[in-house]
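Labels for the chains are A, B, C and D, by order of writing; each one numbers its residues from 1.
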Amino acid sequence: MKIERGKLIETLKELKGKGYKYLVKIAGVDNINSISVLYFVRDIDNNKEEVVEVELDPNDTALPSVEEVYKAADWYERTLYEMFGIEIKGRQIRRLLLEKWNGKGAPLRKNFEWGAPYETKQSKKAVA
Amino acid sequence: MTTKINIGPIHPSTHGVLRLVVELDGDTIVGVEPHIGFLHRGVEKLAENRMYMQNIGYMEKIDYVAPMAYDDAYVAAVEEAMGVEVKERAKYIRTILLELQRIASHLLWLGTMANDLGQFYTLFMWTFRDRDKILRLLQEHAGARMFYLNMRPGGVVRDLPPDFEENTLQVLDYIEKRITEYEHYLESNQVFIERTKGIGVLSREMAIELGATGPVLRGSGVNYDTRSNKPYYAYSELGFRPQVMFAGDSFARYKVRMLEMKESIRMVREAFKKIPEGDAVGMPVRLIMPQAKNKIVTVNRETPRGEAFIYMIADKERPYRLSIRTPSFINLSLINEIAKGSRLADLFAILGSLDLVMADVDL
Amino acid sequence: MLTFSISAIANWLVSLLSSASVVKQAEGLAAYAIGVAILIMAFAYFLGWLERKIIAKVQARHGPTVVGKYGLLQNLADFMKLLAKSNFFPKSSDKLLFAVALPAMLALSIFLILLLPLAPSTGIGNMTNGLLIVFALFAFMPLLIFINGIASGNKFGEISAQRSVIMIMSYEIPMLIVIASIGMLAHSYDLVNIVESQAHIWYIFLMPLGFFVFFVAMLAELERSPFDLREADSELIAGWLTDVSAPYYTLALFLDYTKMFLGSLIVVILFFGGWSGYGLLPVFWLVVKALIFAIFVMLLRATAVRMKLDRLLRFGWLALMPLALINLIVAYLLFVM
Amino acid sequence: MHRDDFLAQEEISAKDFEDAEQEMTALVEKSLQKYNLKPNMLFAKLSDITASAAKGIVNWSRKNSVWPSLFGLACCAMELMDFGSARIDAERRGYLLFRATPRQSDVMIVAGWVTKSMVPEVKRMYEQMLKPRYVVAYGECAVSGGPWFESYNIIKGIDQVLPVDVYVAGCPPKPENLFSALMKLQKKIGGSIED
């Protein structure tokens, strides 16, 4: 189900009212021309699932927080922020996985620069 | 007046490197703030830059207590992207191996939880001894103690060794006896009961709202198990019954895992009776190359810690995007909710009952 | 308690000095002290080895086997190595108190063993209030743990120190009530008299409830599982020993087993008829009984699950206290009869 | 000064006493330096005697009592736990007393990958350990970064941060490998293997 960014909270609230009370995951995908954010929700009692997709412009990634609807969204939104650089409106964000990260960019974006690999330096003390 | 203490990231009871900032009022916990990411290594990013066959090895290291579970989840996603059917015998073999892995994982949890409760390593040593017997069985099949790399699209890397059934049944008899003994030992201990019953209560509503998963969810009275709700492999033929407890406390979570071990033992025995003859070997690694472009695949698997969910956008040589929902990640986010109001000593009992693997949290 | 103990010790010292043969006594004391010190060291070392072996056997292992025959020299190697490691006091610690507390504890426990009569005619004088003096001094132990915990400047040490104080409240009073009932039965607080009055029947048979209360309190005093809340290694890392550097940790290890020896001696003297036994030296029987008790405590350590603090408080006041009082009444009835 | 020379002198001057004293202090200081001990330490006297009279005893005890710190990072920590458990039984050689506090442990077994946010913690842990201290890099990740060498958040081997004494290769190495690695470390402490 693809929806507009403005209708996100509304749609999720509606789904929750229908019985989709369980948030499985919020995943982001970088499609280069756009960034889509997927909300996987589940109706546990009837064993049904639904996916809500929001497409964002890579240069304008502000997204409303859905924590008021699903409390479980908290940590997922934080990872979304640090992994995709998606700005979450309406809440304070503290970095989660990359708390002391001082590199540039968001790691899961396709244009992320890795830095130089193969920096191995073997010490001469090797015994075993 | 409250004091803040910092626990971890190097602490004997955090099962890896987890840092908890605990706010205490006397001995009562006011709030717990987990700081994670000490093991973050970017599996999702690395997976986008690796071939399909290379990724199998990376998936195993997500959950090093039960490596085969992720091995299987990822290979199932690749299978779906390639449109390969799993062979009938391979289905049973995978079920048997996954359940053995689950028993091994739960045994490790039992030992470490007893350790968290202040037992001087005794149960820990015993469960490690028992777990080792299962690891030896898996080693016979896969050739490795920990990282098996034994799943291949369409089947497994090789058929079960000739005396595998006999050995397994022997080990299962032994382990069933031991589990009953441990159960008796713990549940007849008044101190153990007092330290787990009514501690860290998570109600059914909160469990769903906060997205708890696996034994934590089932301990809160929610009858949801991927093995029965979205049956895969041979689970529906083996008559799998999800184990549910209703109290939602540490004891319920403990009991769910104990019952799960017994259910797994029953299922493995059943599977050996029903296993069909035939070919079980999957395709060699060099052929793993889904032809579909931009095919979206979702896979749900019940790992010992809870439901793993893989969302994969397949590309020709490597996944375009591989998003993994790990059960420990979401179970750890509950900690503030369930530890509030309990004592400092209970915090470690609660952490133990959640059965966290830190690499699973940090991905 | 403090004022009482000070006055009791002062009285004892005055009586000791006022007796005629002070010099002669002093010579005898020195010889006795050296003998007991050797006994303590041997016993503590042996207990350390035995505990590793027993716990290993319970855990389906072998324990130390390589260093020395049956791993007997393993603990020696550990001790020597710890002593030879460098010493360090954290910046946030109170260096003086931190340096003094552990040696003081060790000295105190050795002194207490010196006070106990190990055979009918040994011990330091015939103290009329021997039992009370021993327990008055014994009460300093948690206090010193408290001092060490606070002085380490470590938050885990502080929590451990707080727990120490709370534990004093929950078990010290029932223990003293049991001691009162022992005094009543023996018509004396003299340790030698207490042992001699058990010639016909040990007090464990007369007062099983009292023994239970005393045993629990003694476990808490000795920091043994399931009451090792102060040193809880899965919660508080090592509690009051967290910032203790390696050479001092040698003292802590030694203290652990000295305390265990002391605790088992006290229990044997009070409840198991002390040195009474047939043939052989009296000290032999005393040590053998103490050893059996110590082994029981070790087995408990290998199997028990640690108690919680609030539960311990409740247990102390709602279970140990009434039991101790019932025991006192029983003792009074026996005393009257 | 040689003993015979010393006896040959008819008169012993005050200067000779001074010389002898200086010689002795130099000797003691040298031995103290060798074992990383400061003279004003509480047990310096005891170490002093052991070091000068029977330096072998200290070496023997260090060799035979290697206490690892209870510190597991990732996958290899599973095998580290197995190393201590009933099948391998590390206590046979006195390795078992896993101390949770770094102050009382001798060897740090780095079992797992080290992330950039973990580096300061590992460093601090190492600094909290008292001398003499040793480091074992256990597993591919700790040796060289292992499978994560390309990752943006992993350092390529613990030897970029700490001086490593023994490397153990494998992913994960079996507990037996760790056992043999610690035996090698023992030999190194005892002086059979030079740096």
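Observations
By definition in this document, a contact is a pair of C-beta atoms (placed from the backbone, for glycine too) under 8 Å apart; a residue touches a chain by one contact, two chains touch by 3 or more.
Fair warning: this is a prediction, and the values are worked out from it, not measured in the lab.
The central chain of the assembly on a C-alpha centroid basis is B. For this structure, the chains sharing the highest number of C-beta contacts are C-D. With centres set at the average Cα position, the gap from subunit B to subunit C is 45 Å. For the pair subunit A and subunit C, the distance between C-alpha centroids works out to 58 Å.
Rounded to a whole number, the gap between the C-alpha centres of subunit B and subunit D is 37 angstrom.
For subunit B, residues touching at least two other chains, in rising order: 11-12, 37, 40, 42, 45, 125-126, 129. Multi-chain contact residues of subunit D (touching two or more other chains): 86, 100, 117, 150, 152-153. In subunit A, the residues that touch at least two other chains are 98-99, 107, 112. Annotation, chain-chain contacts: A-B, A-D, B-C, B-D, C-D (touch as defined at the top). The part of subunit B that touches subunit C in the complex is made up of residues 3, 5-6, 11-13, 27, 114-122, 125-126, 129, 189, 191-192, 194-195, 343-346, 348. Listing the residues of subunit B that touch subunit D in their complex gives 9-12, 16-17, 37-42, 45-46, 49, 57-58, 61, 64-65, 108, 124-126, 128-129, 132, 145-147, 358-359. Interface residues of subunit C, counted against subunit D in their complex, comprise 52, 56, 59-67, 71, 73-74, 76-88, 99, 233, 237-238, 241-247, 249. Of all the residues in subunit A, the ones that touch subunit D in their complex are 98-101, 103, 107, 112, 114-115, 117-123, 125-128.
Within the complex, the subunit D residues that touch subunit A are 116-117, 144-145, 149-150, 152-153, 156-157, 159-160, 163-169, 180-181, 184-185, 188, 193, 195.
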